[in-house]
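By written order: A, B, C and D. Residues from 1 in each chain.
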Amino acid sequence: MITIKQIIEENDTKPGLIFDLSMQLLIVVSLVTFSIETLPDLQLPTRTSLHYIEIFTVGVFTIEYLGRIFVADRKIAFVFSFYGLIDLFAILPFYLSTGVDLRSIRTLRLLRLFRAFKLFRYSRAIQRFHRAFILAKEELILFFCVTLILLFLSSVGIYYFENQVQPENFKSIFHSMWWAVATLTTVGYGDVYPVTVGGKIFTFFMLMIGLGIVAVPTGILATALSEARNIEEINKETYNRK
Amino acid sequence: MITIKQIIEENDTKPGLIFDLSMQLLIVVSLVTFSIETLPDLQLPTRTSLHYIEIFTVGVFTIEYLGRIFVADRKIAFVFSFYGLIDLFAILPFYLSTGVDLRSIRTLRLLRLFRAFKLFRYSRAIQRFHRAFILAKEELILFFCVTLILLFLSSVGIYYFENQVQPENFKSIFHSMWWAVATLTTVGYGDVYPVTVGGKIFTFFMLMIGLGIVAVPTGILATALSEARNIEEINKETYNRK
Amino acid sequence: MITIKQIIEENDTKPGLIFDLSMQLLIVVSLVTFSIETLPDLQLPTRTSLHYIEIFTVGVFTIEYLGRIFVADRKIAFVFSFYGLIDLFAILPFYLSTGVDLRSIRTLRLLRLFRAFKLFRYSRAIQRFHRAFILAKEELILFFCVTLILLFLSSVGIYYFENQVQPENFKSIFHSMWWAVATLTTVGYGDVYPVTVGGKIFTFFMLMIGLGIVAVPTGILATALSEARNIEEINKETYNRK
Amino acid sequence: MITIKQIIEENDTKPGLIFDLSMQLLIVVSLVTFSIETLPDLQLPTRTSLHYIEIFTVGVFTIEYLGRIFVADRKIAFVFSFYGLIDLFAILPFYLSTGVDLRSIRTLRLLRLFRAFKLFRYSRAIQRFHRAFILAKEELILFFCVTLILLFLSSVGIYYFENQVQPENFKSIFHSMWWAVATLTTVGYGDVYPVTVGGKIFTFFMLMIGLGIVAVPTGILATALSEARNIEEINKETYNRK
């Protein structure tokens, strides 16, 4: 027989899976509601409907939260666990109607979506990702530090080239950093860009060096993921041989 | 002797290959015609010529369609198959002259171009791609979900930073999503960008995390493709040893 | 003793290397001269100096060209070879002073720079690149075709979404293609971008699919290059064992 | 007993680690101070505080510099070593108050941050990076050269297409190079972009070829790094077997 504990905490039974998916769906509904509320010029009836949906979702989340405490073996531990706190913060803003606008905390509900990855195959993919991250951790940290140093160097450089001609856009090294971020990530909004010959040549060199540094972590992560997959395969084979 | 069936359905005989390439060429001609028709200020003689080309291509496609039904072993199955339906939709808009503008359905002819990949070496490349996709499916789905969550989080964040200063560009979370898409994909049109210090720092952090997530699937796909090639090699060797 | 043939055609002797490097340097000088000439508002003395440099470089290139013919074993074959024709086109525009502006042909001198890669270690890198290209040829062609199809589909889609609101920027499918190129390569100049809600959502989906397709060839090439390096290693080992 | 030499030069003892981290922190403080100083409209009290912080950091750096000379086995060698010179340049601008603005030399302090990577695990990651760089050196140089050639070709091409219509933006080949850099790195600021049909088609082809060339080094570096990791693993195993 399937117990309530199994329905709430696991998803390998049919009712458990249905419960999980319904909760996921409700989180999405709640996030969409939250997004719609930010639209200006909403009609009063729409606002009212959104409010009713909010009451309904918070109601269900509250029951779910209490249920999870009820079925938890170690109740205190659950309340202070990562998911326990998120579940609490997801419903709390509704009950606290102080002067402060707590609505934005509702976006934390988003984090509850990660529960969806508890499914077996995804938990394996996450494990693989975790292994890949450990494999490449040092390179990633090294490249991240070098990226930061490069961002700072670019900012200082462009500040000296452009400050005189564009005092508004390159007001200080901090303002130049915004240019460095937008350029080295190749986003290039076009709100700030060098106009002096020196600044343009400097940009060229920074991009030549920078692209090879900012974009490498992505490649490292990708190859590490494929290595993690290989290790998994080898482990599986070793396990099967026994 | 080469039968009509071989000419129409296969491309390993010379007439079959010529038939296939002519049809591909005609599809391209038909798509170019369609594109030219969208040009404003076309002269009447040009319009007339385009119309005649359209009549000709549709005529040939109709004959080809009937021919394919004729040579198909299971006629009903072909009519309702993927390529059968595309072949039908490619000619249907021409014959139905209702009030509705059905011309855009003609772009479906594009999908007929995929028949070109029936050639042996490409079908192998597609198989390899298919294998790579299965290898990396879970990572791809995982990263796609995390990308969506990240897009939403970025939108919410930037909305709180920029809404007050730029109420027009960051009107609601939905409007902010457009910024999030253009930024995290590094397209950066420059129609919307943060102007507050908070928004700029937030963009920096989102880009640092985001680039490492949005760009990884590409790397995963590339390494999975090379692994699929290795598996193919191993299979071939195993086959040769027997 | 070192013959003239060795000096001109090879670079493993000291005079040969000096000859090669001097020629490379002169090509670069000639290209810089060519670029400076395009600057507007040049003073007359500068123009005169540039002209003298041009006379000098063309003079040396002519002597070199005649020398290469002289030392070639099969003279006719050299004249009609790839490098033979480039060497000719590099000096021809100077001698032909017809009404047509032939100066732009001088940029072909750039191609002569590829002779620099004749050095042993680079010729090995090029060979490796060649092997990588053959390894991944089918995937590259496949992805290139799919990229073209995707570009066309994006253009048609955005045309229907944006044509009504921005008749100037999205005048026809051809005009929309410019948007598709700038967007799917993530360049994003910002001269054309969707403004309708439909167009923005369409852009989102196209970018999600498109990035995973347009950027994959780069990854394929990179992994194929590392595989080519492995194959080389294996060949070397096999060779050493014998 | 821990000697002063160990504290200053090594970081495997507790006092050594604290000394190292304090110095790192002070460098960051000094760089932040330097950045804040570039802000316009600073109040006088802020300027004074910044000046005091500067005096303090330079004081500490001077003591550290003298200490490093004191504990060095070969004092002259240290003074003229890479880090020795950087340490000197980091404090020199403060003591020299000539007419020239030497403040920008203070950014060299940034390079002192690299001392942080002396920690064992990072020095291993750097070694790995070094090995990866040697593995892929030829490809990287080759691709860098081809990138330069491609940038030049793009500049020449776009100059001929756009110079007539946009004489201001594409004034000469040098001005066109700025466009080529911004486009082939996909930054796309949007300050210069082609407007003629020919220029747009040329851009399309250049991007198709260019992306596959400019972005490949990143991929090469990533795969080379993962290979370097494999070689390390093999070396470790070979070492353990002995």
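Convention: contacts are C-beta pairs under 8 Å (C-beta built on N, C-alpha and C of every residue); 3 or more make two chains touch, one makes a residue touch a chain.
These numbers come from a predicted model, not from an experiment.
Enquirer: Please identify the chain with the largest separation between its CA centroid and the CA centroid of subunit C.
Expert: Max centre-to-centre separation from subunit C belongs to A.
Enquirer: How far, in degrees, do you have to turn subunit B to put its CA atoms on top of subunit C, rounded to the nearest 5?
Expert: Superposing the C-alpha atoms of subunit B on subunit C needs a rotation of 90 degrees.
Enquirer: Of the chain pairs A-C and A-D, which one is connected by the greater count of C-beta contacts?
Expert: Spelling it out, more C-beta pairs touch across A-D than across the other pair.
Enquirer: Mind checking subunit C against subunit D and telling me if their interface is mostly the same residue numbers on each side, over half, or mostly different?
Expert: Different: fewer than half of the residue numbers at the subunit C-subunit D interface appear in both copies.
Enquirer: How far is the middle of subunit A from the middle of subunit D, if each middle is the mean of its Cα atoms, in Å?
Expert: Their C-alpha centroids are separated by 29 Å.
Enquirer: How many Å are there between the centre of subunit A and the centre of subunit C, using C-alpha atoms for each centre?
Expert: 40
Enquirer: Residues of subunit B that touch two or more other chains: which are they?
Expert: Those would be 186-190, 215, 218-219, 222-223.
Enquirer: What residues on subunit B touch subunit A, complex-wise?
Expert: Touch list, subunit B to subunit A: 135, 138-139, 141-142, 145, 149, 152-153, 155-156, 159-160, 163, 167, 171-174, 183, 186-190, 193, 200, 203-204, 207-208, 211-212, 215-216, 218-220, 222-224, 227.
Enquirer: Which residues of subunit C touch subunit A in the complex?
Expert: Subunit C reaches subunit A through residues 186, 188-190, 219, 222.
Enquirer: Given the complex with subunit C, which residues does subunit B contribute to the contact?
Expert: Listed in rising order, the residues of subunit B that touch subunit C are 31, 34-36, 38-40, 104, 107, 110, 113, 116-117, 121-122, 124-126, 128-129, 144, 147, 177-178, 181-182, 185-191, 214-215, 217-219, 221-223, 225-226, 229.
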